[in-house]
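A short write-up of the structure that comes next.
Chain nomenclature is as follows: A, B, C and D, assigned in order of appearance, with residue numbering initiated at 1 for each chain independently.
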Amino acid sequence: MSELDDSTEVTTEAGHHHAPGYAGSKRDVQARLRKIEGQVRGLQRMVENDTYCIDVLTQISSVTRALQAVSVALLSDHMHHCVADAVSAGGPGGAAKVDEAMKAVERLVRS
Amino acid sequence: MSELDDSTEVTTEAGHHHAPGYAGSKRDVQARLRKIEGQVRGLQRMVENDTYCIDVLTQISSVTRALQAVSVALLSDHMHHCVADAVSAGGPGGAAKVDEAMKAVERLVRS
Amino acid sequence: MSELDDSTEVTTEAGHHHAPGYAGSKRDVQARLRKIEGQVRGLQRMVENDTYCIDVLTQISSVTRALQAVSVALLSDHMHHCVADAVSAGGPGGAAKVDEAMKAVERLVRS
Amino acid sequence: MSELDDSTEVTTEAGHHHAPGYAGSKRDVQARLRKIEGQVRGLQRMVENDTYCIDVLTQISSVTRALQAVSVALLSDHMHHCVADAVSAGGPGGAAKVDEAMKAVERLVRS
């Protein structure tokens, strides 16, 4: 993002030291999020213009589905890279990554 | 709804001629949507900064829940006003409004 | 259900004294629930026979959707009868019924 | 998976030849499914007794959540065993298993 970055590595609070699983699809994820941002602004215009409740609800459902599609895409990237790498490395790290991913699945199912 | 209204009325493709059910909570709905827009921009920054996949997913779940809460609030307003008014007016209009609201519930459950 | 019933009325803990909203579609609801019960027994056979995880998951999704369809049908009946009747009767009872139905919608969206 | 196994093996249409990922928690899964079957029978009794719509809906939500919990548990077992084994084995089989698991996640999120 910044020209100051000299490595693509990041360190999160969980001590991860590598490019995120979505590194290869970052541009696509950002494009989707920008579109979703535009849809949320569109929702504000609909409400501003007193659009009929049901039409606003239909549009919110569309935004929600778009967000869930981003989640599924990110989770797929995460499984293909972060989780698969940890599993391939052997040791307890793989099982820990699987457990962490499953907690994300649970949040996704509940949201 | 009333022939006396002249300015805040809207006419949708379904022929609705009255203020939306959320008229009384419009300011609150707009504040929620602006906050959600800010959260979606925050998501773009997270992705830009290569934030760990799982942390991005957690934040998306938060945005999805916020959107669903807006949907539930709008649907409640719609039921209390648009649907209740149509039912109180008697005739087949009430049942049609209930059917329309139930289709929105189905979309909400599926999204 | 029982030959002792001499009235279709029921009194619930909430003080409801009338036939349920699904009175007219009771046979259909029961048929759906019996089919769902059969599907759950089918799931037990699948697990007993060590069916591949993904195939079991696909079948559970099918049962979950069937249950949600029953919920949507019951909620529709409830809105068309119990809620509409309370709203038509005027007074605060209508708004209370709408609030109660909206809590059910929230549980449905979350489940 | 191994050519040495001979009895508990199953062959699905996808050509899987090993004990399912839930082999170690089969008893727990079956106990949960039997409880869910009992809950579905309880739903039939509620409907038979003209239980108030909202109370039936609340109970259906409880059953739906129980089913989703079984799905999450099965998916976790599947990831820890079937997916992890395929990834550890190297080759394209791991990515195929991840893709297959992600399709199950999508169905779970949608249901």
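Worth a mention:
In this section, a residue touches a chain if its C-beta (ideal position, glycine included) is under 8 Å from a C-beta of that chain, and two chains touch if they have at least 3 such contacts.
Since the structure is predicted, the reported quantities are computational estimates derived from the model, not experimental observations.
Greatest Cα centroid separation from subunit C: this falls to A. Rounded to a whole number, the gap between the C-alpha centres of subunit A and subunit B is 23 angstrom. Averaging Cα coordinates per chain places subunit B and subunit D 34 Å apart.
Centroids of subunit A and subunit C (each the mean of its C-alpha atoms) stand 34 Å apart. Among the residues of subunit B, those in touch with two or more other chains are 68, 71, 75, 101, 108, 110.
Contact topology of the protein chains: cyclic, one closed ring where each chain has exactly two touching partners. Here subunit A touches subunit B in the complex through residues 1, 8, 10, 12, 14, 16, 19-23, 26, 29-30, 33-34, 36-37, 40-41, 43-44, 47-58, 60-61, 63-65, 67-68, 70-71, 74-75, 77-78, 82, 100-101, 104, 107-108, 110-111, going by the rule given at the top.
The part of subunit A that touches subunit D in the complex is made up of residues 68, 71-72, 75-76, 79-80, 83-84, 87-88, 90, 94-95, 98-99, 101-102, 105-106, 108-109.
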